[in-house]
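Two complexes follow with chain A in common, the first pairing it with chain B and the second with chain C.
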Partner chain A sequence: MEKMIFRRLFLGIFIMIIASLLSFVLLYLAPGNPAENILRQRTGEDPSYEEIELFLQQKDLDVPLLTQTSEWLYMALRFDFGESINTSEPVMDEFITRFKATLQLTLITLAFSIPLAFFIGVRSAANNGGTFDHVSRFFTLLAMSIPEFWLGLMLMIVFSKTLNWLPSFGYGSYLNLIMPVATLVVGYTATLSRVIRSSMLENLSQDFITTAKGNGLSQHVILIKYALRNSLGPIVTAIGSQFGHLLAGVVVVETVFSWPGIGKFLIDAVYLRDFPVIQGFVLLIAMMFVVINLITDILYTYIDPRIRYERR
Partner chain B sequence: MKKYTMNKRILALAMVLVLVMATLSGCGLSGKNSNESVASASSQKILRIAAAFDFKSAMEGKTLVYENLVKSDMAGNFSGWLAEKYDVSDDGLTYTFHLKKGVKFHDGSEFNAETAKISLEYAQNNDANLKKSVNSIEVIDESTLKVVLGTYLASFLNTLSSTSAPMICAADLEPAGDPKGKLSGYIGTGAFYFDEATYEKGVKAELTRFDDYWGGASKLDGVEWLYVADPTAMVVALESDEVDMIGIAEHHSSIPYVQIAELKSKGYTVETDETGRYQVIEYNCSKAPFDDVNVRMALNLAVDRELMVKTLFEDMTKASKVITAPWFVLGPDKVDENYYKFDQNRAKKMLDDAGWIDSDGDGIRDKNGEKLELKLVVPQGEANADTVSVYLQSELQKIGAKIDVLTLESSAASDMKKAGDYNMYIHHSGNMPSIPGGIGIGDKYYSTNKDWAYSFHSAELDGMIDAAFTEPNTDSRNNKIDTLWTYLHAQAPCMPLYSVLKLVACNPRVTGYKVGSNMFDMSNVRLLDMDMSK
Partner chain C sequence: MRLIESHDLKVHFDSPAGLVKAVDGVNFHIDEGEKLVFIGETGSGKTVLGMTIMKLLPTNVFYSGQLMYKDKELINATEKEMQEIRGKNIAIIMQNPLSSLNPCLSIKEHLVQVIVKHEHLNKKEAQAEAERILIRTGIPENLLNYYTHQLSGGLRQRAMIALGIACDSEILIADEPTKGLDVTVQMQIVNLIKQITDETRKAMLIITHDLGVAAALGDRIAIMYCGRILEIGTVEEIFGSPEHPYTIGLINAHPSRGLHPIKGFGASLIDIPEGCVFSPRCQHANELCKKAEPPDMVLSETHKVRCYYASSK
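And then the complex of A and B:
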């Protein structure tokens, strides 16, 4: 187990650096440069060549690509990702401030969507072909099909504009959380509950379930102790993946509700070609994915002893 | 066994609750709504402004805190601001500024010639034009400053009145007093001061009334800058009384034009102000068909702008009849406003005369085997450009021109423009009142401009621009500029479309709104009042 952890962490470092460098090189080769984009955003006008040159000079961006890359790598090894070209703030500070907001949204969304998805998925599988199954399948499909921006705006129009119950934007209060979380919970619960249902159905058709039934075990025990336990592999993978995606930022929800997370900030940085932010954020997001995948793999060994034996 | 299972369930539930609570408390959440502090403080006149950008990222916000030596009105007439008055030498190279006395910075220190010098030196280090043109900055006495230019710079006062040249406090620089340092503390002379402690990145910033403001303290107690990213959410925030004002903090209108009528009908005040910024279609004049002035002119005549404004914008704004706002001080006020009057028959005749005829009867004109098929590049985010493009497609089809609309991310579009890979390019003109429409030295129609290398250029035009913008005598310069505009309109370098509006909406409790001197300027917020009984 320890060997596996070290091996994965070691590989993870390479993945993080490659992801970060790749995003930098691709954007460097893409049209546009940070000076032009940032100056245009600030002034609303096309900057002159002299203004662009002065900006590049001031921000040390007039050096060759290789020099920039090697300097960045040297700094990144010390966990220093430099300053944002746009805000002139340290990239790490920008990340930490926004990551707090993203983490809140992620954990609370998952805290609601996981139990809800388990309830819907397990009950739907147990009631395969029944009324609950049909109704839940209809609604989960509907929930998966609703675009987040539409749902967010609808919630805002109903609960902020019409009823005046909830704030339409902002950060820092429980009330600010309700609509962004609700918007996310709908989609994530639907996706996860369908994974749980299909995984459960696959296991419920296995021979060991028939044996358990033959032995006279109760429906509850068969569902929870036998079927669900054996279905956990793909479910944990799905949760891990959702966790990672939420942590990487939910741009649409962050934009609609002005939530100060990392997603919207990163997308803006891409438009502005704010290279230090893009590189730093991609590296840190890749690091989160590596850690989450590692935790998922470790959980596998506890959920399914066969995987542990195979690795041994 | 049952008890064990129950314990596990309770444990799982407890873990979920702990997770939620830890997240909420660990990240500093409270039960108080972040917008509530203002909503509940009814006795205080705090103006809540929704802004599409974070306070520190938006140049508009800086106009609440910093002020300049001079100020320009919307048309481009300059007057003293922190400089009570200024003198310009006959050759236009020496400017003497006589500074206001009794002006204080937010930290209590005095504004004087020494701090003005540091401010201009800081601006010089950060502005390409000033860096190139300013020779020396000299303190004559405590309230007199002399600036000597090496070369005449027609836009000098314009730059001094912009956010490129704010009057800053020496202590605001890091290291203190070093003009090459970093501006850090937002210590200006404006009617409101910014307290860093109230700033929440990507959330809000609070500004408080500066009681020692030289022009008299504002009637407002403060301003709250609230970040609202989405335009629809901004309108909802106004209607649900979470903010008092929207649209003022963006130079590009953040309020959808279609919302104006509805907001007005609900009793909100909606101000629609022209700032002289026009949306235009720029032609690639370096290759066919737009290397022929007749084709350019034909297209300019073929579009019914009045109908476009009525259909797309419900007559909220005005159709552009000339290249840039004629009411600018240096604008084309002598050009006949019927120069590009809608006349599709005349447009068709001009295309016929230019050799573009529909030889195969497919509805699209052709010449020497080439179809009149034109690539219109639309940078993503250009306001209203999607609907305008579709309208143009339909109008130009009537005269036998086919328009292929290509919408691209703004950087990709800009690169296509620089490479000349376009026939038509939609954009908005600049908003420098003193030198509008890209006609200054080095601007869009000047041949050295690399950004617009494929726009209309000619040696004749360069000569006219040089002559006009190196002429320090006002009357003589105005005459030369009038000649220049007449020549440029005859060349039809672009298709003017409509005037881009600055839209500001506020709830009825806000009174006294007056648009600033340009679409960035928010300094007039100090003149607002609020009737808290409403």
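And then the complex of A and C:
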């Protein structure tokens, strides 16, 4: 097990480096450069050739690509991601502030959507073909089909504009959290509850369920100890990937509610071609995915006794 | 005392291809301490019969006729009532232990679940009881906390048997208990079942297609074909003086008798042949056989056969 963890972490380092280099190269290939984009944003006019040259010189962007990359990599290995070209703020500081906001949104969303999804998914599977199942399938499909931006705007119209109960944007108070969390919970609960339902149904049709019934075990024990216990693999995978996606920033919701999270900031950085920010964020997000996947795999060994990493 | 008795029991399934008549008018009984074997080819309705007694069939099933456990009618029993009977009064050993046991529970935990449910013991007592039963079925003490995927086929089958006898039920249904095992292991399993059920004088309903298993375990044998019992009698009557052409065919198909196959294939349970169900494959069939289904001919108190020409061949 320890061996597996070390190997995975070691491989993870390469994955992170490759991910950030790829994002770097792809951005260079894309049209537009940071000087042009940032200067245009500042002044609102197309910058002259001289202005661009001066900007590149000031920001050390006129050195060869390979030098820039290797310097960045050397610094990144010591957890120094440099400064934003636009604001000259250290990338790491910005990341930590942004990450706090995103983490808050992520954890609160999952704290609501996971229990809710388990409740809906398990009951729906137990009631396969019944009223609860039909109703919940209809609403989960609906919830999955609603675009986040539309739901966010609708909530805003109702609760901020018409009823005037909640602030439409901002950060800091728990009132600010309600609408973004609600918007996210709808979609994530629906997706997860469908995974839980289908995984449960697959296991409920297995022979060992018939055996459990044949032993006179109650419906409750069969659902939890037999069907759900065996369904946890795909469910944990789904939760892991949802966790990763939420942490990587929910661009639409963050933009709609002006939430100061990772997603919105990263999109702005991409628009301005703010390379240090993009590379730093991509690297850190890749790191989170590596860690989450590792945790998921470790959880697997507790969930399914057939999976063991010792003998290899 | 009579434990199980059925009268004209029919079990039909609704399917897209039509009504599947898996069990179609079956009469049998099992007395206390008696072992009745159902023999038949694949698709003869024998497993469905076992599952009917436990009421474990899917929801597209229709029952008719009568099926009694002591004085309790099982066909109309509610799920709640069945939960009390299953495992406690009537237990079952399922086919294919690898898929029939929960991959996430150790074999001991399987037994603990059942014992806690029916015997009202606390967790600790239930664990001690589970260990005692597993060891009794010949599972080494150091393997009790193993999972099914870690055990050999023979040990899995032993664990399945342990689960069947966990609550000392009056009746044990064994559905193909030797399926998929090596011949040597089959022998051990048959001996184990025999030893345990003899000690406790447990009544059994054994489902198999293996004549050797039937001869070793059974007191009486019922030959099933197309959802019907074509012949039923004691082991001596069936092997010593078989009357139905199908029974004779089955016995002659055994390797020790020269491996003579029965011509044709088992009939579809949707399009059941008119007249005697075995007539399309029977060498002796005539016009009468093809027109009307023969009634049960009573040859002795225990021996019944569904053939017009019984004891005249």
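Observations on the model:
The rule is simple: the second predicted complex is superposed on the first by the 308 of 312 C-alpha atoms of A that agree within 3 Å, B and C clash if a C-alpha of one lies under 4 Å from a C-alpha of the other, contacts with A are read in each partner's own complex, and residues count from 1 in each chain.
The criterion applied here is as follows: a residue touches a chain if its C-beta (ideal position, glycine included) is under 8 Å from a C-beta of that chain, and two chains touch if they have at least 3 such contacts.
None of these values were measured; they are calculated from a predicted model.
Considered on the superposed chain A, chain B and chain C are sterically compatible, since they fit side by side. When the two structures are aligned on the shared chain, A:G216 is found in touch with chain C, with no touch to chain B. Judged by the touch definition given at the top, the superposed model places A:F289 against neither chain B nor chain C. After overlaying the two complexes on the shared chain, residue contacts for A:S160 are found with chain B alone; chain C is out of touch. Legend: residue contacts after superposition of the two complexes on their common chain; A:F24 is shown touching neither chain B nor chain C. Partner contacting the larger number of chain A residues, of chain B and chain C: B. Minimum C-alpha separation, chain B to chain C, in the superposed model: 6 Å.
Chain A uses no single residue to touch chain B in one structure and chain C in the other.
Contact residues on chain A toward chain C in their complex (touch as defined above): 206-208, 210-219, 221, 225-226, 229-230, 303-306.
Those residues of chain B that touch chain A in the shared complex are 16, 19-20, 23-24, 27-36, 50, 56-57, 59, 126-129, 131-132, 182, 200-204, 226-230, 232-233, 236-237, 239-242, 251-252, 409-412, 414-416, 427, 430-432, 442, 449-452, 519-520. On the chain C side of its complex with chain A, the touching residues are 54, 56, 79, 82-88, 91-92, 94, 96, 99-106, 113-114, 117-118, 147, 149, 163, 166.
Those residues of chain A that touch chain B in the complex are listed here as 30-33, 36-37, 40, 42-46, 48-51, 53-54, 58, 86-88, 94, 97-98, 100-101, 103-104, 107-108, 111, 114-115, 153, 156-157, 160-161, 164, 167-177, 254-258, 260, 264-265, 271, 273.
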